[in-house]
Amino acid sequence: MTQQTDKKTAWWMLAPLLLIVLGAIGYPLIRTLLLSFTNARLTGYSDPIQFVWLENYWQAITNSAFRESAGRTTYFVLVNIGLELLLGVLVALLLNQAFRGRAIVRALLIIPLALPTVVSAIMWRWIYNPEFGVLNALLTQLGLLGQYRSYLGEPDLAMNMIILADVWKNYPIVALVALSALQLIPKELFEAAAMDGASAWTRFWRITLPSIIPALTVVIVLRTIEAVKVFDIIFVMTKGGPASSTRTLSFEVYQEAFSSLKAGSGAAYSYLVVLISAVLIFLYIWLLRRQERQ
Amino acid sequence: MNRVIALEVRSRDRRKPIRLVSSIALYTAVGLFVLLTLAPVLWLLLSSISSTNDLTNIPLRWLPNTWDFSRFTRLLDPNGQGREFVAALKNSLIVAVGATIISLLVAIPAAYSFSRFRGAQSQLLFVVLGTYMMPPVALVLPLYSILASVGLLNNVWGLLLVYCTILSPFTTWLLKTNFDTIPLEIEESAQLDGLSRWGVLYRITVPLALPGLSTAAVWALLLAWDEFFYALIFTSNINTKTIPVAIADFAAGRAVDYGLICAAGALAALPPVLIGFALQRGLMSGLTSGSVKG
Amino acid sequence: MKKMYKAFSGAIGMGLVLTGLALGQGNTTLNALFMKQAAYSEEDVQNMTAEFEKANPSIKVNLEFVPYESLRDKTIAAQASGGYDVVLFDTIWPAEYAKNGFLLDVSSRINKADQNKIFTGAWSTVQSKGKYYGMPWILDTKYLFYNTEILEKAGFKNPPRTFQELMTQAEVIKQKNLVQYPLVSSWSQSEALVADYTSYVAAFKGRFVDTSDRPVFQNGGGLKALEWMVDSVKKGLSNPNSREYAEEDVRRVFSSGQAAFALNWTYMYNLTQDPAESKVVGKVGIVPAPGAVGGAAVSAVNGSMGLGITRTSKLANEAWKFINHLTSQKVQNRYAKNSLPIWKTSYADPIVSKGQEAVIKAANISIGAMYSRPTVVRYAEWSNVLQKALQEALLGKTTAKAALADAAKQVATLK
């Protein structure tokens, strides 16, 4: 009896979520998938639409601009998420210590997150400004830099500078989630481990990290998905320049769907972005499982 | 006996300098964190009260010649430029808070279902998550026509609904990982006492998961507060434009007043910071009640 | 678009219609999409519209203002659901809008008597394949701004008339150490770069495409133009940061006195005369962008915008009435402080020229010389290819010749 009712309850509890998520974007998702197999164009005329099956996908994969953007996006995501994870966990550990003014210091974490991306991007662009920017002034006055330099005008540097700006804005969400997970770890576990003579290092790897990994997984997956889709911050800071060195996949999707009005191939590009997200996340979860087994 | 006491005294003496060193290290690390978080924001605030001429001085002027707070008063003056800004603050609050509350209401039972019931439906979590991987550019046109056909275009409720589809998958997942850490025994005994599953969820599980809930709430709120692309396309006037769109409007046109954008950004960050701070206090109190588990 | 709004205003409208019926009058609402900017300002457009509504009590106009960046997106997003009746568009879009049926062909509505009274360059803003898709409204082009004080110190009485002369003057200015980099430009990877390049192409008498739409910018004037730009960076005469700068960065550098020359849109002039925004008040000259030895006498890029009727609009007649009001000489002359009229005779009108004589003097020449970016259907893709090629050459990753040859090959496939 309980099995039966449990099953029913399980579905009833899911129903609102499914209704909202699939109800609102189920149709757009399926429509986009169907579109991706056609040569549909975004036009005011009702041109006949033909199925071209995988041609759009093939065209994307053989397009060197798309491949380069995919490579740049992967770089952006990996470096970005790596740094956010590192900083996030370090800061969470730090803010989990007892010190004076902890509540206020913790609240600071929300500031970068609360600053709208548009504003944060404009702010960083201004900080990096080669002539009036505060970064050049600071580094030269500290004697770390001989003369003013450009940060967003050099193809090799621009992407890294954008990553720094994005990490500053977004790592606090990793820290916040890690912090709340840290607080759930029972103190007794640490005390017992300390009694057994485990070093702080061992305690971190054996107790702390495993306890916060489920929560970290959620936030990393979210950040990965968002990083794969990154657009606003780059659009404001460099518009994809210099010489396309900061053009990510979203620029290609946008260009296909909105600039070139190719609804069909724009849809195919989008599903490839989904695929890349999924692969990165799969890879991450796979690594995690392997780690757990060891 | 005496020897034991003597030993203890000696060990305490030896630990004193170590404690001092570690507390110096702790406060240095905290100081560094505060500096790196606040320095860019401080520059943002300085920019918001500096004139363009002060900002474009070479060599850089660290403090403005005259402190000009007029941008803040302009942004908050409901009869002038502030009309748009204050309205956008209001719209953003409705949309972000509304979407957060609905998402949590939807996510709590769903997360419980995913956490407690095994079965075919548990795989749906990843389907729901997958919907967020799609670049908004691909979904914006079908969503546009749906919203237009049900009369929810240029309507805060329409935007709120769209945001729920973004927020609920992640809050669901985050809450699931939280529920996973709550020991089953407490629930089972409650069930034996005659509580239904729903009763268990709201009487037992939710109170125990309060820290996780407040983190999820902060997270959802910040995501909604920052969303730009959907808001840009789906809203068209003062009754619906949200903060990021309003700020992008300030940045539009050819004579961009960076100071104004900085001031707007600073003001726009205030509500989520305050809400986050309040929720964090909730998090603390949740923590004490959460210490039952172990 | 804005069904909700329509439903809402429809409900209110019902009441008005009922009263209207009693008075024997209909009532219609136009939805119009404009751009947030300085010229014309939101307030100006609202005032113009209020005048229109007063003169046409049966028509109401809903105005929406969006940033330039989302003007196109919103027009495209709304076109399937209908919604806007009047939209503002940039000179680089009509070919594509026309091909895809976003805009109504208004060739038959254009008043033939006006044809010669409006600048040819302005007309080209709204034309595609010989048909008209709206009325030109905002006229704009890039001018050469120069710092009179620096030029004087360098010993030059007149601003350069050709780009070669500009190079010579810049060399002297740099030698005398008056500024580190005499010329600053908006050469970041964006439309601003293509707009600048277009001006240079016009100066060196190059062309983008031949009569059968094949790219020809990789040779002749098109190549010389880019070679000049690259050369100016190599010699340290152009600010190397130009490669990450947009128009506003150019304005800040020029207004802070760090540059002797800058190419920028009309809007910069008034701002350089505002003491809160500028350290070079009273030291700024504005002339048409230079020509070239063996090329054109002056150069200019067409940066204008036009007003059109969407093809889904059910109120084409009312929409056209509204457009005619906004683009009429009377209205344009009155609001000329922010944006110059499309009408040739306006430039002799003291109402228009008062207080901005220098700009008017330059505009009178420049507007006649406006050269357009390629009017091809797939311009957005064209521009992307060009932007990347120009940047690669400016960054020294490849030669001007190789960059343009490669770009020409790529755009040739965009049919």
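The first chain written gets the first letter, and so on, giving A, B and C; residue counts start at 1 in each chain.
By our rule, contacts are C-beta pairs under 8 Å (C-beta built on N, C-alpha and C of every residue); 3 or more make two chains touch, one makes a residue touch a chain.
These figures come from a predicted structure and were not determined experimentally.
When each chain is reduced to the mean of its CA atoms, the one lying nearest the mean of all protein CA atoms is A. Chain pair with the highest count of contacting C-beta pairs: A-B.
Measuring from the averaged C-alpha position of chain B to that of chain C gives a distance of 40 Å. Rounded to a whole number, the gap between the C-alpha centres of chain A and chain B is 15 angstrom. Centroids of chain A and chain C (each the mean of its C-alpha atoms) stand 37 Å apart.
Within chain B, the positions touching two or more other chains are listed as 56-58, 141, 248, 251. Residues of chain A in contact with two or more other chains: 42, 131-132, 258. Taken residue by residue, chain C touches two or more other chains at 73, 80, 252-253, 256, 258, whereas all remaining positions touch fewer.
Considering their complex, residues 1-5, 7, 35-39, 64-70, 73-74, 77-78, 80-81, 83, 247-248, 251-253, 255-256, 258, 265, 267, 271, 275-279 of chain C touch chain B. Those residues of chain A whose C-beta lies close enough to touch chain B in the complex are 6-7, 9-14, 16-18, 20-22, 24-25, 27-29, 31-32, 42, 91, 94-95, 97, 99, 103, 105-120, 122-124, 126-127, 131-132, 134, 136-137, 168, 172-173, 176-177, 180, 183-184, 186, 188, 214-215, 217-219, 221-222, 225, 228-229, 231-232, 249-250, 253-254, 257-258, 263, 266-267, 269-271, 273-274, 277-278.
Note for the complex: chain B touches chain A at residues 23, 26-27, 29-30, 33-34, 36-38, 40-41, 43-44, 47, 55-60, 102, 105-107, 109-110, 112-114, 116-117, 119, 121, 124, 128-139, 141-143, 146, 161-162, 164-165, 168-170, 172-174, 177-178, 180-181, 197-198, 201, 211-212, 214-215, 218-219, 222, 225-226, 228-229, 243-244, 247-248, 251, 258, 261-262, 264-265, 268-273, 276-277, 280-281, 283-284, 287, 290-291, 293-294.
Those residues of chain B lying in contact with chain C across their complex are 51-53, 56-58, 140-141, 144-145, 148-149, 151-155, 158, 232-233, 236-237, 248-249, 251-256. Within the complex, the chain C residues that touch chain A are 72-73, 76, 79-80, 96, 99-102, 188-190, 240-241, 243-244, 249, 252-253, 256, 258, 311-312, 378, 380-381, 384, 387-388, 391-392, 395, 397.
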